[in-house]
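In order of appearance the chains are A, B and C, and numbering begins at 1 in each one.
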Amino acid sequence: MKLGVLELRDISKSFPGHQAVDRVTFEIPRGEFFSLLGPSGCGKTTTLRLVAGFDSPTSGEIFLNGASIQDRKPYERNVSTVFQNYALFPHLTVQQNVEFGLRRSTPPPDLADRVRGVLELVQLTRKESRYPGELSGGEKQRVALARSLVVQPDVLLLDEPLSALDPNLRKHVRAELKSLQRRVGITFLFVTHDQEEALSLSDRIAVMNGGRIEQVGTPQELYLKPRSRFVASFLGQVNWIDGFGVRPEAIRISKSNPDGVSCRPATITRSSFLGNRIHVESRFPDGAPVVAEVSRLEENFREGESVHLWWRAADELRFGD
Amino acid sequence: MKGRALSFYAVAAFAFLYLPLLILGVFSFNRSRFTIWEGFSLRWYQSVFTNPQLSDAAWNSILIAVAATAISTVIGTCCAYGLWKRRSPVLLGSLYLTLVTPEIVTGVSLLAFYQAMFRFAHFRLGMHTVILAHVAFSIAYVVVVVSARLRTVDPKLEEAALDLGANEWQAFREVTLPALVPGIAAAALLAFTVSFDDYVITSLVAGVDSETLPMVIYAIARRGVDPVINALSAMIVTGFGALILISERLTARR
Amino acid sequence: MKRLRSVFLAPSWAVMLCLMIVPLGIVLLYSLLTRGAYGGAGLPWSLESYRRLADPLYLAVLARSFWIAGVTTVLCVMLGFPLALFISRSGPRKNLYLSLVILPFWTSFLIRIYAWMFLLRDTGLINTVLARLHLIREPLPLLYNDGAVILGLVYAYLPFMVLPLYATLERLDPILLDAAADLGARPWEAMLRVTLPLARAGFIAGSVLVFIPCIGAYLTPDLLGGGKTVLIGNLIQNQFTTARDWPFGAAASLVLMALVMALLMFLIRRRGEALL
């Protein structure tokens, strides 16, 4: 059995009156971009803090490179955290912030080179003497990244690092973060509540709910083959029809009754042109609403029109309950 | 862990701050006049009340404190109100100056002032000189406390009153003043304790017939330890402590 | 509106002018006069008083005042910082502890000094207890020396150090300490490299707030030093009573005032905002 760089085994954390993390188990191989995804309160940040060492688990074990670390203090673990609000030291310059983890009793001889290297990596080379107060949100985030990367941790922990940024900036930074991770090759443990973020960045995702892991898998697996209703509806929209689910983009609309395919009649209630696709809302005869998203290259649909909705059986999401 | 050591230290630090006064209080009940416990007794408390020098001085202190408090509270409240309406950095600066000036300098300058006045007017050192001096340094305390209270008052309330037909005086008296009452009371209590306790300035500007309690305490302390002071101290500290706690409660509310 | 405001401010102006500004002006005048035959002061104008202050005898008094104020300040820093740290970490009871720290200060200053006399003198509690325990044969000279004065000053002004330190520590985001630990710093390292530098403003403010009253101290050195510890305050008092050399006393007063103002200016410029 090949051991991953980080392994959580049956990790639980309970607070008085509240089970924050419930028997969480997963393993991350070296170099992977792994995300914990879930709504607020699902335990993802608590799990991250347990890995970092800011809290200790009520039960369970954490292994880093095969060594058990759940009893070690944060400064004894070779993991590094990028905090949501960056936690840059306000009294130190960018340079001094980045150096912080390296300036121990015996600083490494190549300290200056390493700092310069990581600042180049995050594209902050001309701002070393600035103070955090003089930086923009995006720049602060890059300093936080550099500071954590320069100590060469086994795993980099990121606590919703994009949520404090301007929405316009987020997509751009997201792409930079992904390419950075690819270049450096460090294992990322990324926490977010934004499913689009998780889907676009991650190699694998663990979806969490109420302290438990619902499913672990690649973005494709989770989206196309969700194993629970929660995962299905968290990762994207779902139409629930007769106990099973169909995604809006899997629904086809036909004005006539197509042969050879099972379909259902419906009446269009609204049709919105979104540029590259059309968002169509309709109703089944029993009044149940249905949302479909079709390519704009399809025909136009008018309100009140009677149409037939059909989908491939393979696109149905069925669950064992 | 660091936390436990810190808590231990905090206990020690608070003990340092409070033990001397507690010990003083405990020994005020000592039957003997030496620092060896010889049994419980109230004799020192009795002699506080029977000692004529002490009671005269206490009476003077109370008189002076009440007068100075009354005057400085009124003037100080008006001043705080005026400053609230519009700032005056010069006045505020000179008020802060009184807080920062060493007592010895304030005392000496007032003495020099009084002596200069003696050349022009029939003026002698006495209760009135002390009261004036106390007013001088108490005003700043009153202004600070009442200003703090004023910061919680919405200036729009007075504007509303004016809008409804009141004049400025009525607006002040019926809208702002009632809201200020706890702050004024707190300031008065503070001014009272500051005035009652003052030694340095008082000793310089007091006349022969206006000996205050701190002056007597000082004289006795200079000579030696007299348990009467212990009893007196216990009474004063408890009394002041209570006044200050009340004052804090008044400023803390809302 | 303006007239009412003037009415409200007029009495304060009168008091400040007559009882603060004018008296200080008179002191200034006195400092430039010559000592009168029966005390007081009179012409001719002279800078003699200021010149005399430069005498090594009086410079020693100045130096000693600085020394004692300095030692007191350092002790207050050492004793006050852990207490401020404790209070900033004490959660919901913060305000209670803050009140407890400042409360003794507002009871009687004179009595607080007397309490230490009661403890420290030859027949005081400490010596009595030690003698009873047969730990000493003769009473220790705890009172009437510089040490007693410093002890009294620290006792009196410790709250002035604790409160500003608490204020800066309270504003410290605890996540910065998490970040430091995350990057490998042990608790003492985090204290040294993060907490202390960020509390610098509190240290400066507290130090000035302690130093200023210490340098103008009169009652504490008088009672606890027994007249042997002569600081500027005692010197001034002496000139206006026993020595009857008002011009000299006035000059000393103004020098003291100048020192205090200089320290305040330093503090205000450093902090940038109104501290009081």
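Observations on the model:
The working rule: a contact is a pair of C-beta atoms (placed from the backbone, for glycine too) under 8 Å apart; a residue touches a chain by one contact, two chains touch by 3 or more.
Everything quoted here is computed from the prediction, not taken from an experiment.
Annotation of chain A and chain C: not jointly contacted by any chain, touch as defined at the top. In this view the innermost chain, defined by its CA centroid being closest to the centroid of all protein CA atoms, is C. Inter-chain centre distance (chain A to chain C, centres taken as mean C-alpha positions): 57 Å.
Chain B and chain C, compared by their mean Cα positions, are separated by 18 Å. Chain A and chain B have centres, each the mean of its CA atoms, that are 63 Å apart. On chain A, the positions that touch chain C within their shared complex are 52-54, 73-75, 79-81, 83, 85, 87, 89-91, 100-101, 104, 147-148, 151.
Contacts from chain C toward chain A in the complex involve residues 173, 175-176, 178-186, 193-194, 197-198, 200. Residues 2-3, 6-7, 9-10, 13-14, 16-18, 20-21, 23-24, 27, 34-36, 74-76, 78-79, 81-83, 85-86, 88, 91, 94-106, 108-113, 115-116, 132-133, 135-136, 139, 143-144, 168-169, 172, 190, 193, 197, 199-200, 204, 214, 217-218, 221-222, 225, 229-230, 233, 236-237, 240-241, 244-245, 248 of chain B are the ones touching chain C in the complex.
Interface residues of chain C facing chain B in the complex, by the touch rule stated above, are 1, 4-9, 11-13, 15-16, 18-24, 26-27, 30, 40, 79, 82-83, 85-87, 89, 97, 99-101, 103-104, 106-119, 121, 123-125, 128, 132, 155, 158, 187, 212-213, 215-219, 223, 233, 236-237, 240-241, 246, 249-250, 253, 256-257, 260, 264, 276.
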